[in-house]
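Labels run A, B, C and D following the written order; every chain starts at residue 1.
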Amino acid sequence: MQPADLEQALRPRLGEHLLGVEPFEGTAGKVRFDRSAAVATFRALHDELGFTHLAMIGGIDWVAHREVVYTLWSDAAKQYVFLSTTVPADDAHVESASGVWPSANWHEREAWEMVDITFDHHPDLRHLLMPDGYAFHPLLRSFKLHEPEELEVKVRHV
Amino acid sequence: MSEMWINMGPQHPMTHGLWNLRVRIEGELIRDVDPEMGYLHRGIEKISEDRHYNEVITLMDRCCYVAGLAWEHLYIRAAEQALHVDPPERAEYLRVLCDEFQRLGSHLMWYAAFVQDLGLMSPFLYGMRDRDLVLDLFQSYTGARMTYEYMRVGGVRNDLPPGFTASARKVLDWLSDRFREYDQLCLGSTIFRKRCDGLGVLKGPDAVHHGVTGPMLRSAGVKRDLRKDRPYAVYGQLDFDVAFADGADVTARYLVRMEEMRQSVRLLRQVLDWLDRHPGPVIAEHLPRWLGAPYAPIGLEGYLLKRNYPKGVGFSAVEEPHGEALAYVVNEGGEHPYRVKFRSPVFANLSAARTYLVGYHVADIPPIMGSVDVCVGEVDR
Amino acid sequence: MTEEGAPGAGTTTEENPVLYVARPMATAARQFVKSLVRPSTIVYPYERLEDPRFRTEVAVASGRPIGVGQVWDNYRGVHALNIATCISCNLCAFSCPDLCIEMVTVPGPDPKKPKKCPQIDYGKCSYCGFCSDACPEGCLTMTTRYELSTPRRAEMVYSPQRLFDVFRSKLPMNPIRLERPENEDRILLDPPLCIGCNACARDCPTQCITMVDVPKTDPKPGQKPAKRIWKEPVVNDSDCVRCGTCISVCPKECLFWGGPP
Amino acid sequence: MSSATLYSVSYDLSHTLLFALGGLIGGPLGRLLENGDLVTGIGVLVFAALLLAASMLNTIVLIWYERKLLGRFMDRRGAMHVGYAGLLQNFADGLKLFRKHTTRPREADEVGFYFGPTAYLVTSLMIFGILPISTGWNSGPMPLSLLLALVIFSFAPLFIFVSAWSSNNKYSLMGGLRSAAQMIAYEVPLLLAVVAVVVVAGSFSLTTIVYEQQNYWFWGPLIVALIVFVAAMLAEMERIPFDLPEAEAELVEGWNTEYGGMLFAFFMLADYLRALVGSILIVLLFLGGWTLPTWLPGSLTAWPLAGIFWFMVKTYLVFGLFVWIRASLPRVRTDQLLRVGWNRMIPLALLSVFLAAALVTVRCVPVFGCVPSPGA
């Protein structure tokens, strides 16, 4: 599958929400989409193109905006594809993919606590690796290493 | 008895690492589970943003203590793509050698821990004993038994010592004999079969849906192996079969891992033959040496930005012993990676815990989680 | 095998249960008889893995099922420092990912020019070997010593003298030496900025910088030509170890890295 | 056989000591020492001390034996530093445990927390006083000694449950419940297997049962009962493959999770004491006790203490079998264990009782080189 194929398959379903398909070495391409059409994009890739395996969701902080990169795998095409959407830093939220791929659950929890990207309609958006009540987002560029920080940890009793 | 939550971890014999499996039980039946991670979180992705490309390798070994070289390989491939570097072929073969020996070591460690969870005491030590030979081999060419720091951007640190391939072949012969013994002790035991058959069932479609990869997925009949489906390094030139089973239960995972070890032996014999016949450089010749040691003018901030080194994004996918591991390295032209993101296979395998644990007994948790082969270092990173 | 509520399926096999209990017991008994003669363990404080007899193929007699040759040759343990050949280039400290190397002053041959040698904090060291790879003179190497336990944390810090003691104890050293790359970066000079202060040549650990006389007529455009002879550093690239000391001491920042990317 | 028994030796010792002391002191005080009741009392104390010393010593050696055996099964050496071949290792471990501070969780029930392990150890020790080891090491004629031993043996689940409940820990509680369920489930086949032996031997006295085996050991004719007995004994001793109550993989340490120091040592000692008792019972009931087959030369048993020697050899061999099982079999699951106990073991035990009855009826016993006994 080539970037052109992807564009051809996705354009009718997404229209202008598809911002472009860039080639990416070693994958079928990097699909850039508008976050308002997130679920439609997920559905299109999952149902139509057979990308049934969501491998990874990573957030990148580009200071001015943040990028969410989804890595998908298709068993039929035996190829990876990247989905990418950008969100502004002051309004960082995107629709959750966990309705389409259940495996998104933990990846989104991690992206939320690390890069501060909120995933709407996520079933269980709470801290995964960091302690509950942790007020920082460590993988933001503004979070500097070697700086003392105040850490307040709430202990949960069961 | 009414329901209650129990915390299995973070200090618990079942966990094999620092994590907490919260289990809601009714009598001895599991009603719900909630894995709690993060006890081993060291912020490797964050620290990587503050390190030179080669210095990140020291962190990769700490990702997973049983599969350090596989993680090095994973990171190195992504970093090389981000930095536009091509390793020589011999280095690729050496990396495959590392990968496959690491798979052997990791699966032997898994075997030891898994049978220990079942209460089998002596095979635990047999597994550890035989893994020690693999560690000996690692020590003889990387210089360490667990934290190898062997690969470098553009190749590997050093070539094999003389006589290595002969020793390695002997180890492979010894291990091939041991696999039969392992099967006698496990599959040959009624109690083992009764404990493992039909346990922790995770059917193929569910597994794909929940992002489960590696031996857990292949035990459910899905033949997905990145070494075959998306050959990286030199796997395309090597002859091997993908191990898979249909049972989707603990026994099936056992069978898949044992078969994978046999296939690793088969792969390693081919790799050793190739290495014997093809001497050559192990690190790229035209390599920008600011990349790290040796003789690197590293530590001087802003040096690379002045040089206008081309930017790039690297992505690599490696079939780690636990499953599909991905790395995503963003090079923004600095001497540090701008962003490093890893996908740990165990992370996804654990996130599906509810699907394969609920409905079984408390006593089934150790074998099921043992068959998942949890390595917390790479989950928490 | 599962209770209600558990999803079914899975591998099933049924064979003779008596035989199936007997088979693992027979395997264990075989192992028992074998290890009665000699178990695989090496009795650590009395026998040591780095003994020569474990280094080559002593096979069955040593307890190991097979000897793996040359296990210890490349081992990365405690460092050995040859103070005599150390040139104080700072590369080891630069290359350390854990920041555990500190350059401390040791008495050198010339009392006016104190020598700086690495001091290693083994509480932090990860034994990655980058420092010994980076050492241009081969004076910082790694040995097979691995016993570091001590009751006090301060004792984990090895001064250059202690590292030199390790060197003198004649332990097997890591023999791996990495080749210098061909297309390495070089120290380049931005001539108009140079004031000829001699700081780089003075501090160069390998003495590869010489100050040569350069007639410098026009130090800055539009200014009055200088009367005197200027001196400029010239770097001998074959001796240079690329430590960057000259760059860091240059008061005018006129030295920089250059060469092929 | 000589008539000197352990108790008579203790009594003689006490008698000699007190009379010598009384003669030395003289006067009314001396006569007070020569009182018969006092002699008996001191004799009992000496008897108890000897028993305690012997059982504890045996337990500790048994632990050492298991560690060494397991070591070889696992391709290693076991304890080897303290003393010759690590013989003193367990004393060192015991000393360490003894010196440790006993901690009790704040929420734990104080009485139960201390009472549980103590009673567990004491009852386990009591059985040892009943079991005859040889003609000399014998607590005299007790017509129901087997029954008494088994009764005391079956106290254990109660105390385990008390200590598990009072630890106030979920793992302890689960371990205690499992322990109770398991011991009760296997108590029945255990007793039924014993019934088979009793039917053949015609007596509840352990000494008589051993004498009945002088011509042929019961393991051959009562092989079904032996299998049931060994399996049930494994469950009662809570050893792999039936060590569910303290299955460390899922329950940390089961019902003794919260115990440390000397209280843990109590559990440990009592566990091994019970293992020792189990092995001894198997030797007594099925392997001819301190006797040897008649086709062996009589000189093997002609020397003093030969009975105790052969008895201990057999006991340790039986225990070696348990270690072998531990080294090669995985742990079963609770429901499987209980299902096997109720559905397989009890029918098997009943079958063994019927077989024993049939044997007694037809008086025709297939024996290994022995003649049929007329006194069965």
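Note that a contact is a pair of C-beta atoms (placed from the backbone, for glycine too) under 8 Å apart; a residue touches a chain by one contact, two chains touch by 3 or more.
Worth saying up front: this structure is predicted, and the values here are computed from it rather than measured.
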What's the farthest chain from subunit C if centres are computed as the mean of the Cα atoms?
D
Out of every possible chain pairing, name the one holding the most C-beta contact pairs.
B-C
Express in whole angstrom the distance between the two chain centres, defined as the mean CA positions of subunit A and subunit C.
39
Interchain centroid distance [CA atoms averaged], subunit B/subunit C, Å:
26
Determine the centre-to-centre distance between subunit B and subunit D, using the mean Cα coordinates as centres, and give it in whole Å.
48
Roughly how many whole angstrom separate the Cα centroids of subunit A and subunit D?
64
Indicate the residues of subunit A shared as contacts by at least two other chains.
none
Touching at least two other chains at once: which residues of subunit C meet that condition?
1, 3, 21, 24, 27-28, 31, 40
Please set out, as single numbers or ranges, the residues of subunit D touching at least two other chains.
73-76, 327-329, 335-336
Write out all the pairs of touching chains, ordered by chain label.
A-B, B-C, B-D, C-D
Residue ranges of subunit C in contact with subunit D within the complex
1, 3, 21, 24-25, 27-29, 31-32, 34-36, 39-41, 43
Which bits of subunit A are touching subunit B when the two form their complex?
24-27, 52-56, 58, 60-61, 69, 71, 73, 75, 78-80, 82, 101-103, 105-107, 114, 127-131, 138-139, 143, 145, 158
Hey, which residues of subunit D end up touching subunit B in the complex?
70, 73-76, 170-171, 174, 240-241, 243-244, 247-252, 326-336
For the complex, give me every residue of subunit B touching subunit D.
4, 6, 8, 12-14, 28, 115-122, 124-126, 129, 185, 189, 191-192, 194-195, 361-366
Interface residues, subunit B side, partner subunit A - complex
5, 7, 22, 37-38, 41, 43, 45-47, 50, 81, 208-213, 222, 224, 229-230, 313, 315-317, 324, 326, 328, 330, 338-339, 341, 343, 347-348, 350-352, 380-381
